[in-house]
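Same chain, two partners: chain A is paired with chain B first, then with chain C.
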Partner chain A sequence: MIGSSLSRWTMAFFTGAVIFLIAAECLMVAGYGFPAMAAEAPETLLLVHTVTIGWLSLLMCGALLQFVPVLVVQPLRDEILVLPALLCLLAGLTSLLAGFLGLTGMLDTDIPFLLIGGCLLPIGFGLVLWTLGRTLWQARPLPLPARFVAVGLTCLAATFLLGTFFAHILSGLISDAVMIDFRTKVLPVHAAAGFGGWLTFTAIGVSYRLLPMFMLAPDAERTTNHIVWWSGSIALLSIIMGAPVEFILAGSARIASVIAGLSAMVALVCYGFDLFFFYRNRKRRNIELNSKSAIGAFAALYLSAALLLNLLATGTFANHAGALIYLVAFGWLTGLGLSQLYKIVPFLTWLECYGPVMGRKPTPRVQDLMVERRDGPWFVLYFAGLLGGTVALLADAPNLFRITAAMTLLATAAIVIELVLARRLFNVAAAVRFPEGTTRPHLFLPAIRNH
Partner chain B sequence: MSDKPRESLAESVRQSLRMVIDPELGENVVDLGLIYEVSVVEVGVVHVEMTTTTAGCPAAAYLRDAVGSAAGIVEGIERVEVGLTYDPPWTPEMMNADARAHLGFGRKAAGR
Partner chain C sequence: MTIPHRDLDVRPILRDGGEPFSAIMEAVAELAPGQSLRLLASFKPIPLFQVLGAHGFEPVSREIGGGDWEVVFTPAAAPAPVVETSDSVDHGLGDDWQVPAREIDCRDLDPPEPMVKTLEGVEALAAGETLSALLPREPLFLFEELKARGHEWRGGFEPEGHYRIVIRAGSRGEK
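Right, the complex of A and B next:
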């Protein structure tokens, strides 16, 4: 069979992801962690990892398990490892968060939760890496979008290896003396590999395939696509490998940082040209809500770059790094994630429910599962809250931030409710909702019958 | 079998295939130009050559089965052979006027 099939556990990854997203947004509304508390406080660590591992990484893993086979036109290898991977990730993250709670003093226990999390998470990510890595390896030579994913997965490995080291330090297995250098010199590498490599570079790669597909835009590889890959890869290599080596040899990482910064800017500029090209040259003039709302995420990406340049130029980076990270995590990555979930969840639900009777019974369209006119305002509210939150962080106004966080929470909850309604086929007219032969999709568990 | 009944049967199959909707674009596979060929190869046997909008599409297996089922319910068809090909790859230009109109395909060109 040419092509791929439905990924059995992608919906379960997505479900876990949105639960952690809602939880993180509730924490922000409640004033838990940054900015109400210090950036290095355990409460902030709990919040950051709820977002980065719980929401963004689970989302990305679930999406890649479905889309890597599409990118390489090959079936997923060793699919049997996916469920153990998910269970390890969920158990590992829960344990890590419990460990952070222990550091806050809220949880008094002798169980070494940080250590357990620091062991289970690498196993979970390792299994995902194995499955996706083998699928990519079997498909060489890789098309360009898949090469982005390959670099992103390499960065994931670097991120969780450094994260595991941190977990060992925080659990006291490695001496505090090492920790001082580790925090100031290696934490930026951990964050850059995670946000820049694993999450951003992978998302860019997948977008090169999905945007033309959704908008019927020309999908032939262009020179700018390759420049984005090369310059982005050089930027990531400079930060992950070059900076530590330069620091060991010369005591600073200035040259590697400059190379990384310039390369990243080249990549972003070229990616901007490509995005403009896709939207400008799309054949499908009536684009769907996911493609419209993604524009907000792309705008947030470029706002982040502008903010970074401004903070560096004014020497205020250290004061406002939190605002920048918030804009990247909730504007670019979460904005794109929610936008694409709005397309992918109904698509997978439709295939699960109506795929088996297609050609035998009349079926509704995928678009009938959602009501775009009703849902568009939620995305507007989300991005409005995001912008307000960024301004609040720049203005050091934690109470204003909580109000704007409530806006993003409300919008996110509404979008998630719409996704649940899509899973239940709520918006499909009752008379045609379940033609004979269809199976009602489970909320997040896979159907027994699968193509 | 003379050419006319063959053509008529093939047309009936094409009509039946309009029941099959591409889940991504929400239009039927015939109007989208995903059906490359419908030919009655012998009495009661039809061959359908089809593609999907993108290679590796997760819906490909469903679409191929659906095309087989939709063709099979046409009176006079006893066996259906469905071939899935990506040569040539599908392009949006293969859509007919109905699908183009629904997706807003022609609006920009018409406005020029």
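Right, the complex of A and C next:
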């Protein structure tokens, strides 16, 4: 393990995350949950939380534990809490999923799984929030990318507080009709805080650092960066704080939604300019597969915005919200996640393995850990499946959706296998794989530096 | 200042396509205590500002026509502020740090190449020798690795946005 700059448990978070992603994709291929069943069915809840907590949130937590210290150039505070956090999240999610399984009638037990999940998950997220929050707090004034993360973490807190409230309602502890009515009204707030704040806003913030780093583009702060942060923050504040208040006072959240929608559009337009700027002004002429495949994710983000506007304009939002969520979760967030894992995993593996001998022995390059030519087609297949799946959902064709889901599953599995091969340094010529003084990195458990 | 400037004109070296860095460092090493160095160059030698800044010199530059520059490096009474140092550095500035043996520019390399090149340079140093490196960003991973290998460093951002680090090879580095 090179120094303390490598987050010890990040690979374990990533491993848990991809296992849940593959599991979720298998469920979709099998026709479990939406669109074969209703959006409100417990099966759909199980699928949605496998994706949002199991895959996306674990991925984001693992990435932030690695990158927040880099963003603020400070060591992670209270690192000792990271492993308990991971264990709470894994146990909490398993309980939550078991709870949903109980709601479907598949699992007949007296154990209050929903409630256990509803307690363990906030503890797990709370511990992650504590370590990251304290690290950010010590590093004030924050650089811009870290400010995005700070807002994202606040939204994470809002998401799981609402989620815990829902878990109490679903487990029957709260049976007050007003509260149950309130639940349906703030469900969109839960989704917006999770997808828009915690996952999207944080991903945007981290991309402001990662994209210039990997493409050698200028990363000085520009006006548009600040507009993205301000308008995005206003949109999130309006939806998380404004909408519930407006519900209580006026029974609807029209004003808050309009403010949030307009600010979010401003943020997306400015972010688009920034993305264009990074790709246009990069010093590396040949961009690597991670930056190339990320374009698919950015395209999905803008396609999602266009789809949202179209659904609102045609008044068909309620019918097709599933397609929109699928495009955001699997196009934008998963697309970006897989494309960045494709760089981050080899990079961390390289540092872990070759860091100790760097400068003393010839080492392979980071690029030598992957074979881009072999892996490019998998990303193409992934985004093709994603597009097909979105169309299938819009056309209400569940069987077509299962076929396209099989395409994304195949592509994901192939990319994950390539990441495992990178961890095993499989693509590095055997003769130069382990120079003297290096140790083989574990697949997901942290290594202890042997000197 | 009672001591006259020491003059150094590196324009002929530059005109011949040479590298004036070692000549400048020799001149700096030969300065009397409190003496300033007046440098004439055919461009504004911004990279030097931080190198000599780390040795306690403050630059005052002016264009003297034809694209040429005059820079007077005056030894500051107080040490120049350096943003960061490794934990092991407990001396004041401008003490026993040698003039960098080499200066490497890693600004246009993608990660982790700047770290690889810098560590390669450091490994070639004898104990106590120093190396100066220009990096595209603050090298968090490098700091940790230098610490693990028993080297000391000082560094900070330059006005152009890149990071300059001066590393002194330790004797307790693991070889």
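Going forward, the second predicted complex is superposed on the first by the 440 of 451 C-alpha atoms of A that agree within 3 Å, B and C clash if a C-alpha of one lies under 4 Å from a C-alpha of the other, contacts with A are read in each partner's own complex, and residues count from 1 in each chain.
To be clear about the criterion, a residue touches a chain if its C-beta (ideal position, glycine included) is under 8 Å from a C-beta of that chain, and two chains touch if they have at least 3 such contacts.
All figures in this text were calculated on a predicted structure; none of them were measured in a lab.
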Chain A as common anchor, with chain B and chain C clashing or fitting: clash
First (chain B), second (chain C), both or neither touched by A:Gln66: first
Partner chain in contact with A:Ala220 - chain B first, chain C second, else both or neither: second
Comparing the two partners chain B and chain C, which touches a greater set of residues in chain A: B
First (chain B), second (chain C), both or neither touched by A:Gly355: both
Contacts of A:Val366 with chain B and chain C, given as first, second, both or neither: both
Which superposed partner A:Asn286 touches (first chain B, second chain C, both, neither): first
Partner chain(s) touched by A:Ser5 [first = chain B, second = chain C, both, neither]: both
Footprint overlap on chain A, comparing chain B with chain C: 2-5, 69-70, 73, 213-214, 216, 283-284, 347, 350-351, 355-356, 358-360, 363, 366, 451
Chain C-touching residues of chain A, taken from the complex the two chains share: 2-5, 69-70, 73, 213-214, 216, 219-220, 283-284, 347, 350-351, 355-356, 358-360, 363, 366, 449, 451
Complex contacts: residues of chain A adjacent to chain B: 1-7, 66, 69-74, 213-214, 216, 283-286, 347-348, 350-351, 354-356, 358-360, 362-363, 365-367, 451
Chain B residues touching chain A - in the complex, by the definition given at the top: 17, 19-21, 23-24, 26, 52-63, 65-70, 73, 84, 86, 92, 102-105, 107-108
In the complex, chain C residues that touch chain A: 108, 110-112, 115-116, 118-123, 136-138, 140-141, 143-145, 147-148, 161, 174-175
